[in-house]
Amino acid sequence: MTRVAVINPNTTASMTATIADAARGAAAVGTEIVAVTSTMGPVSIEGYYDEAFALPGLLLEIGRAEREGAQAAVIACFDDTGLDAARAMARMPVIGICEAAMVTASFIAKRFTVVTTMERSRVPIEELSHRYGMTGRAKVRAANISVLSLEDPNSGARDKLRSEIARAIAEDNAEAIVLGCAGMADLARTLSREFGIPVIDGVGAAVKQAEALVALGLSTSKRGTYAPPVSKTYIGPLSRFAPA
Amino acid sequence: MTRVAVINPNTTASMTATIADAARGAAAVGTEIVAVTSTMGPVSIEGYYDEAFALPGLLLEIGRAEREGAQAAVIACFDDTGLDAARAMARMPVIGICEAAMVTASFIAKRFTVVTTMERSRVPIEELSHRYGMTGRAKVRAANISVLSLEDPNSGARDKLRSEIARAIAEDNAEAIVLGCAGMADLARTLSREFGIPVIDGVGAAVKQAEALVALGLSTSKRGTYAPPVSKTYIGPLSRFAPA
Amino acid sequence: MTRVAVINPNTTASMTATIADAARGAAAVGTEIVAVTSTMGPVSIEGYYDEAFALPGLLLEIGRAEREGAQAAVIACFDDTGLDAARAMARMPVIGICEAAMVTASFIAKRFTVVTTMERSRVPIEELSHRYGMTGRAKVRAANISVLSLEDPNSGARDKLRSEIARAIAEDNAEAIVLGCAGMADLARTLSREFGIPVIDGVGAAVKQAEALVALGLSTSKRGTYAPPVSKTYIGPLSRFAPA
Amino acid sequence: MTRVAVINPNTTASMTATIADAARGAAAVGTEIVAVTSTMGPVSIEGYYDEAFALPGLLLEIGRAEREGAQAAVIACFDDTGLDAARAMARMPVIGICEAAMVTASFIAKRFTVVTTMERSRVPIEELSHRYGMTGRAKVRAANISVLSLEDPNSGARDKLRSEIARAIAEDNAEAIVLGCAGMADLARTLSREFGIPVIDGVGAAVKQAEALVALGLSTSKRGTYAPPVSKTYIGPLSRFAPA
Amino acid sequence: MTRVAVINPNTTASMTATIADAARGAAAVGTEIVAVTSTMGPVSIEGYYDEAFALPGLLLEIGRAEREGAQAAVIACFDDTGLDAARAMARMPVIGICEAAMVTASFIAKRFTVVTTMERSRVPIEELSHRYGMTGRAKVRAANISVLSLEDPNSGARDKLRSEIARAIAEDNAEAIVLGCAGMADLARTLSREFGIPVIDGVGAAVKQAEALVALGLSTSKRGTYAPPVSKTYIGPLSRFAPA
Amino acid sequence: MTRVAVINPNTTASMTATIADAARGAAAVGTEIVAVTSTMGPVSIEGYYDEAFALPGLLLEIGRAEREGAQAAVIACFDDTGLDAARAMARMPVIGICEAAMVTASFIAKRFTVVTTMERSRVPIEELSHRYGMTGRAKVRAANISVLSLEDPNSGARDKLRSEIARAIAEDNAEAIVLGCAGMADLARTLSREFGIPVIDGVGAAVKQAEALVALGLSTSKRGTYAPPVSKTYIGPLSRFAPA
């Protein structure tokens, strides 16, 4: 039995339910998905500022999950919020849904387009794309919808998403589409059928990477950049996070 | 049940046995590994020339595997020989062991070193590293051993490999090691314990990527670069490969 | 009168005193330096994990400084901790000491080396260097000293720093040196005389960039990536940070 | 007398005739062009799959040409099919028409556009452009015509090619055009006059590079990547290609 | 008192007046701006050819300014004409207006567009952008106006500039605008108000960088690339420039 | 008959004699080499400052050569001094010896090292290497010899050059060597035999590229970046260079 913690750093339980469904849909027989909603921070992460305040709650849950027996963790926000900090903290592998989705796309298409929610998230994802070595392969587009509007069937959000995918295919010559928000996790198979090209959800993709690392007996390297945090004092309300 | 074909384009059955063991060791319950030795081409692939003549035999087996029900294929040579041609031919996903190993390393370490066999394979792997977006993250070293010497316990090959790994840790500040030859597939766990940092074998890594894509319902995009080959005449002894 | 807030996200007041001296030493007549020690988070920032928990305290002080009349802010930690979040939050310009130091070095030298404290900070600074367009121009070395040991004259830290600078000159052909930690801010002029090449401190460099932007009447663009945070609920102990 | 072998890996003799004319039109007095049609493989190379099966026939002819006294070889397919393998095999210099055309363009224009045949060839040529250091200088467009349709004056192929060149000039600000298929070799001078900017054919360009290397007394480095293939057994119908 | 020489390598005194105003508008209390018009070379610099002939006059004035007590120099042409030569010659810091403007933009915006004068200057500025590490962040557009037409209120040049800025905002998603010619130095504040995003003039930006370097006690590194010119004979009319 | 002007921007006639010999040694039957020594500027070009003052004399001779019937020009200085200005001025093709040498090396080796004269020329050549797309393929080393010492058999310069080549082979794994100074043009064949790998001289390489462009009927694109200089007034002693 492999236990994979899927942490939603957006503090919105209904969104976690969507994410958990996608995670379980992708999980292997023998994988237990423990889906957790962070209890500190923004109800949705839209841009760099929200991201900063999602970190303590996210890291709290990743630490707790590891202590309670998780063998790997997934960060279910497309900004890959806190990924490096989590890797420095944990011994188990930690996977971001953006990196997992892009890597997955790179195995089945030469060129792909990420369709995300808000314009302010476009450049952060372009920067991730560059960091993950996808410069020249990935384009990023924003459908100009808010994260939580994806949950409301009457918001028109999903129609805007569809229109942006259609533009990506026509204008970018996209060979595959990556859904650029954890809140779109339930749409991959439907949209894939609809548009006739692979549509990739990062939550499912990340669960598979987490399973892979566990199966291969691999965990985060503790030599160099991800060495365990140095024991020291933390001041103020965050003092409980101080490394022992 | 997921069926993953693992094709060894090196036409040496004993090497395939090592590869098959590594593949099965990584496979999930419910995954059937079909390990196949190519029947046309060099007994070992060492450099660009050998690679060229490994292609027909490799593609023959990938095509046959797909017709016989494989849902994904792994190309078990660290040059990722014929990867693009295989993706254009097949509908199922096809994974190279170099790309899978590098991606896996990138999830658990910021900087890693690939240790391969012969000096003439160093630059081809550096080029793959660049293509997979690992420039600045991956270094490549050659242990100056032949591929098939890895099978001979008295060849000294494994000692040379160990020495090169030690140099990578000391001189490159490597946080993880990638084994740069399918013939090293049995060594990852032993070397990982020995050196105290993650050591990654591409065969196991690729099997997990193959399973991931099947579980996610994803296959090679047939829009754009990997569109099916155009029906046409092939002349001479290779005419049986002509696309219908 | 220009007011520049210099925020030390390391919650160590003695370190802030060193930083404040360096800031005042660089400031123009007519610039008031308001040096602030963050009151939440690690006493020193050494790696990605510490960085994450420095963010709330840092952003709190930047927000307070802007409300109290600061016209620009400097983040006095060489990881440029929270820089993008601060820019999204503030209207005034916000400058990181790493970016300011690298840019300053680029005006007076073709090739330079950053000497930082701990090995675990080397790769994060390499990533910043890449992000700031200094790939191929900047190298990064760690002197293997802790941040706070720089304050203790008997720790040997400054000797180790000198040795690493000497190696950078000999082995990297460095034309200038960048000091890779806010805690080294008092050493630039001494070391510059000692080694006969420019040695750059990021705190002073950032103060000058802050003054420059104020003098030019420029502030953070609120179009696109740094648009003001969307008004929404933040859950739990960080709820006071929720954007209005 | 310099003898340059021009090998057409497309197994279509009428296409070789066009190529031979272009080669001879560019050759110096004292250069003998030996134009050869490969006798194994696809009648035209359109994408990665065809490329793989063009290799054995291509390498056979290059080997034969060298044994029969050629001093340099040109691979007359714009994918630069088999270029690295040929260089590992041969001692004489081997030139690809894509690399030769791009290098030639770079001497007379800052920005240029390659116009190729089919959409599936666009990304492979973009990858070559990246590999040859032309990222940011070269764009690639497909005219959506098949390779062999270029031979049929009634196919409309040449009109589509003209339209795509016109778009490259208008939309890409192209300063020169590179013809992205060996089958266009006869069109460079006509189109150059027609559009008033340089139009470059790779066949002629490659012949000049071949002559240049011979005149300079330079041949493929046999140190490192292009060291001669290791002597070994090849299995099956390709066994005659085994390195001695 | 800090003395900054601002050299206009365009030999047009009226243009220098505009530049001097912009420089003084940005200068700190205590900075003396010495604005100088070069007396040798083209009346305006439009492309690579003009640039070559602007160099002797430019370097003459920079040398003279340093001998007469300037502590830093600004080269007031957006091609950063002669920047490396000036740095090799001078001990004081020398700043180009293109580099200063781009660096300034990078502190307040993730993505920005440079709007320059003539199409022939577009690629040179793209090359500078690449050299200054702004690839992927900066786009360059030409308004198709001559440099000196900016001085004529009836030329329509400023309207064309406005139209191009509007296109940059709409089509490039520009978060800030950089004015790509010294002759636009008076327009930054007006256009900034007009378009509601930061508009950056390089002359003011460079003056601030010059002041910064002086205040920090930094001058051009004389180790390595910018070592003083080797003493030698210069032949012909330029012999007075021979390094002593 | 093809006439190629080879301009030595170093104003030293004895150096031109060496260059002319190398050019004639590489030229085809039917090519006339017109070797010219510039009459204005430094006796040798060592660094950015010398380069600036070599430009007027160089461009004067290129202009004169074109008017007197040259069909192509070679700039015989490894900094590719004034290359872009010359291309904007001339209609005939103009080739730099650095670009020609690197391109030539790229056809016969995957990795090569440039060995130049003085340390101050190392970074400028690294920048050219980057501009010509050779990043990751080319390394640059300085033998710490002056340009003109190459002419003096008793200076020890050639021994230092040999030592540096030996280091490049041992430490860089160089597969070929590029001679990084026009004054080394006579050494390529001797050193090639001596070291057993290709050694490339840029003068000969550039002559072949010049011949190639003439044979192909190609000249510098006059659309875009290299459009003819705009007619305008030049002030002072350089007024004779003003474009008509």
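Labels A, B, C, D, E and F are assigned to the chains in the order they are written; within every chain, residues are numbered from 1.
Quick note on the criterion: a residue touches a chain if its C-beta (ideal position, glycine included) is under 8 Å from a C-beta of that chain, and two chains touch if they have at least 3 such contacts.
As the structure is a computational prediction, the values presented were derived from the model and not from experiment.
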item	value
Shared interface partners, meaning chains that touch chain A and chain F	B, C, D, E
Shared interface partners, meaning chains that touch chain C and chain F	B, E
Which of D-E and B-D has more C-beta pairs touching across its chains	B-D
Farthest chain (mean CA position) relative to chain E	B
Between chain E and chain A, distance of the C-alpha-averaged centres to the nearest whole Å	44
Computed distance of Cα centres, chain D from chain C, in Å	52
Whole-Å gap between the CA centroids of chain C and chain E	27
Multi-partner residues of chain C (at least 2 other chains)	87, 110-111, 119, 122-123, 135, 173, 224-226
Pairwise chain contacts under the document criterion	A-B, A-C, A-D, A-E, B-C, B-D, B-F, C-E, C-F, D-E, D-F, E-F
Residue numbers on chain B that touch chain D, as the complex places them	11, 38-44, 46-53, 55-57, 59, 82, 84-85, 87-89, 118-120, 122-124, 127, 131, 146, 224-227, 229-230, 232-238, 241-243
In the complex with chain A, residue positions of chain D that touch it	119, 122-123, 126, 130, 135
Contact footprint of chain F on chain C as seen in their complex	110-111, 136, 173
Chain A to chain B touching residues, read off their complex	26, 28-30, 87, 93, 95, 99, 103-104, 106-111, 132-135, 137, 169, 173-176, 188-189, 192, 196-198, 200-201, 204-205, 208-209, 211-213, 215-226
